[in-house]
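The following blocks contain the structures, represented as structure tokens.
Here come two complexes built around chain A, the first alongside chain B, the second alongside chain C.
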Partner chain A sequence: MHLFPVVEVAGLHIDISAFIAIFVSAVITFVIARLAVRNLSVDNPSKLQNFMEWVVEFVQSTIASTMPLHRVKPYVGLGLTLIMFIFVSNLLGLPFGIVTEAHHAIDWLGITEAILEEHGGHVELAWWKSPTADISVTAGLALVVFILVHFLGLKLNRKHYIKHYFQPYWFFFPLNLIETIAKPVTLALRLYANIFAGEVLIATILMLGVVGIPFLIVWQGFSIFVGAIQAFLFTILTMVYISQAAIHDEHENEH
Partner chain B sequence: MEFHWESTVFAIAAFLILYWLLNKYAFGPLFGIMEKRRQLVAEQMESAAKNREEAERLLEEQKQALQQVRQEAAEIIGQAKTTGAKQAEEILLQARNEANRLKEEALKDIETEKNKAVSALKAQVSGLSVLIASKIIEKQVDEKTQQELVDHYLKEVGTKS
Partner chain C sequence: MDFNVLAAAIAVGLGAIGAGVGNGLIVSKTVEGIARQPESASKLQTTMFIGVGIVEVVPIIGVVIGFLAFFS
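Presenting the complex of A and B:
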């Protein structure tokens, strides 16, 4: 498998490919959004504006399926950012890859003699990938969600939020704690695993050479589908978690 | 694959900045526009409903006005008919009266003329008889002379009257 170029700067290990990928994804997302809202018009929207409004309405209805309608508004921006950024991120690694080979130790890229030995004399460095194919990145997104969920729970719904750790009985606390921790972990791992698996398979198909082209086409198409599904899943799960923690449903009071 | 917490931190920072930028420069204006459109549609629907109500009201008014006008026209025609008939009757009556009056006047005139003539003749006759009597008394007349005399006077009567 490919290695990734890691630069050590002042004690920090900077994974260059991940940094590039995150940066590029964020820029693409922002540019798409900006293009969509260029020349905004009430009665004569451009095609891109129409598309963007469709996305907004889609996200709105998605969020509305997890919480009461009047609570939806503050989370639409978050949901949109999540779904767009993750979708762009998921697709980023699909169209091409940039791989360099290293036959000598390049210390500043983290290629030491020991690693070279381990890989039999030469290593391949991948410079381009989906940011979401990196567990470190999906962990960051999941962490944002985790902090946000519990912050909102404590801020908007403190009594029921704290109470839910001890339900149905106080000795369920460890179980509830595990559930709480499992949520962001699964969030990060699911996204990472799906996208990473997709890229691994692409790399594998590429080894087939010319014979692999039809497979590659099919798999790339499927990867777009998977990318969309995963972006949607991440968004709706985030909203479900927020809804569970921060929005107290009057009817479930008795549980 | 190793876990690099630096990537995690960078991802979080990038995501937060992206969220802030998108909200400020993309979603904010977009939501504003969508809200405006919602208001526009609501407004237009409201005004359409109002317009329809207004139209219905106007139509009702027009109908009533037309009804009123028709009624008035019928009244005017009826009035005109009755006044026409009355006037015709009046004119007829007047004409009849006038004719009667003229006839009576004419009759009266005839009567007076006749009376006048009669009285004038009477006066003449009496004068003549007096004259004849005096002539007879005055002189002896023979048959022939008398005849001549009578003739003479008769002629005189003829020319005088």
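Presenting the complex of A and C:
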């Protein structure tokens, strides 16, 4: 099992491979987005412009399935960022991996003699992985969503947002609190577990050697599918939570 | 006896039963719905994927816990 290069700085454990992966993923997403809007044309759109228009319409219709169409516009940017960043991140760990071996203790990486002995003399360090295969990255995304949902709920819909904690009866309050905690926790864990399990399975299939090549092809294809589904799921659940907190009850009163 | 491996196997196995039964129920109802109303096929398919994503969270967390038990 690979270890990750974790540096300890002022008491914080910083995973270098996660930082590299997040940086690469953010750069790729940004470059794709900027290239798609270069030389915009109505009569003669480029292929990338067509693709980006399809993505924007897809995100728009996804958000529109959770809230009334005229309220959708402020959240399209958030939805686009989430779905593109998470999809690119999920795909990053599939094509290759960078693994180095350490035969001696490396102090700044925290590899002590004890760990070397545990693993039989040499330790494998993985320097490349999907950023979303790290719980800290997915927890960061879920934290952003959590803060957004409650901030928007308090700002746009305060009375009904506070009231919904005590519905349908006042003694449901603990259950509603548990629901509030469970939403970001499951968001983070779902994305992390799916992508991490996929990567561990790739490492396991690689242990088979040449015989594992057809399995690897099939599993990588399935992993692309899972990556797309998980990106879509994260986005739509974010929009559902925002809609429940900020928009839903207010809309009910308009009837 | 290596209990770590046994723990990982039990965790993944029970999770697989849960995921299998849950996904089977979801997809079977979706297929039924599409058979009744073919024009709502795409909306039903979208809802099916969302449902599968939600149901599979806990079994997949079980698989990750199994990996943790297996590799340490």
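Just so we're on the same page, the second predicted complex is superposed on the first by the 246 of 255 C-alpha atoms of A that agree within 3 Å, B and C clash if a C-alpha of one lies under 4 Å from a C-alpha of the other, contacts with A are read in each partner's own complex, and residues count from 1 in each chain.
Everything that follows uses one rule, which is that a contact is a pair of C-beta atoms (placed from the backbone, for glycine too) under 8 Å apart; a residue touches a chain by one contact, two chains touch by 3 or more.
All values reported here derive from a predicted model rather than from experimental measurement.
Student: Is the arrangement of chain B and chain C around the shared chain A a clash or a fit after superposition?
Tutor: With chain A aligned, chain B clears chain C, so fit.
Student: Looking at the overlay, does A:I98 come into contact with chain B only (first), chain C only (second), both, or neither?
Tutor: Touch status of A:I98: no partner.
Student: Does chain B (first) or chain C (second) touch A:Q230, or do both, or does neither?
Tutor: second
Student: In the combined three-chain superposition, what is the angle centred on chain A between chain B and chain C, taking C-alpha centres, to the nearest 10 degrees?
Tutor: Nearest-10 rounding gives 100 degrees.
Student: Tell me which partner A:L175 touches in the superposition: chain B (first), chain C (second), both or neither.
Tutor: neither
Student: Touch test for A:V200: chain B only (first), chain C only (second), both, or neither?
Tutor: Second partner only, chain C.
Student: Now for A:I213: first (chain B), second (chain C), both, or neither, which partner does it touch?
Tutor: neither
Student: Should A:R190 be classified as contacting the first partner (chain B), the second (chain C), both, or neither?
Tutor: A:R190 contacts chain C only, not chain B.
Student: For the three-chain arrangement built by superposition, which of chain B and chain C touches the greater number of chain A residues?
Tutor: B
Student: Would you give the minimum C-alpha distance from chain B to chain C, in Å, for the three-chain superposition?
Tutor: Minimum over all C-alpha pairs: 8 Å.
Student: Which positions of chain A sit in both the chain B and the chain C interface?
Tutor: The overlap between the chain B and chain C interfaces on chain A comprises residues 196.
Student: Under the definition above, what is the set of chain A residues touching chain C in their complex?
Tutor: For chain A paired with chain C, touching residues are 1, 65, 186, 189-190, 192-194, 196-197, 200, 229-230, 232-233, 236-237.
Student: Okay, in this complex, where on chain A does chain B touch?
Tutor: The contact residues of chain A facing chain B are 4, 6, 12-15, 18-19, 22-23, 26, 29-30, 33-34, 36-37, 40-43, 45, 49, 52-53, 56, 76-78, 80-81, 84-85, 131, 134-141, 143-144, 196.
Student: Show which residues of chain C lie in contact with chain A when the two form their complex.
Tutor: Going by the criterion above, the answer is residues 43, 46, 49-50, 52-54, 56-57, 60-61, 63-64, 67, 71-72.
Student: Could you pull out which chain B residues touch chain A in their complex?
Tutor: 1-12, 14-19, 21-23, 25-27, 29-34, 36-37, 40
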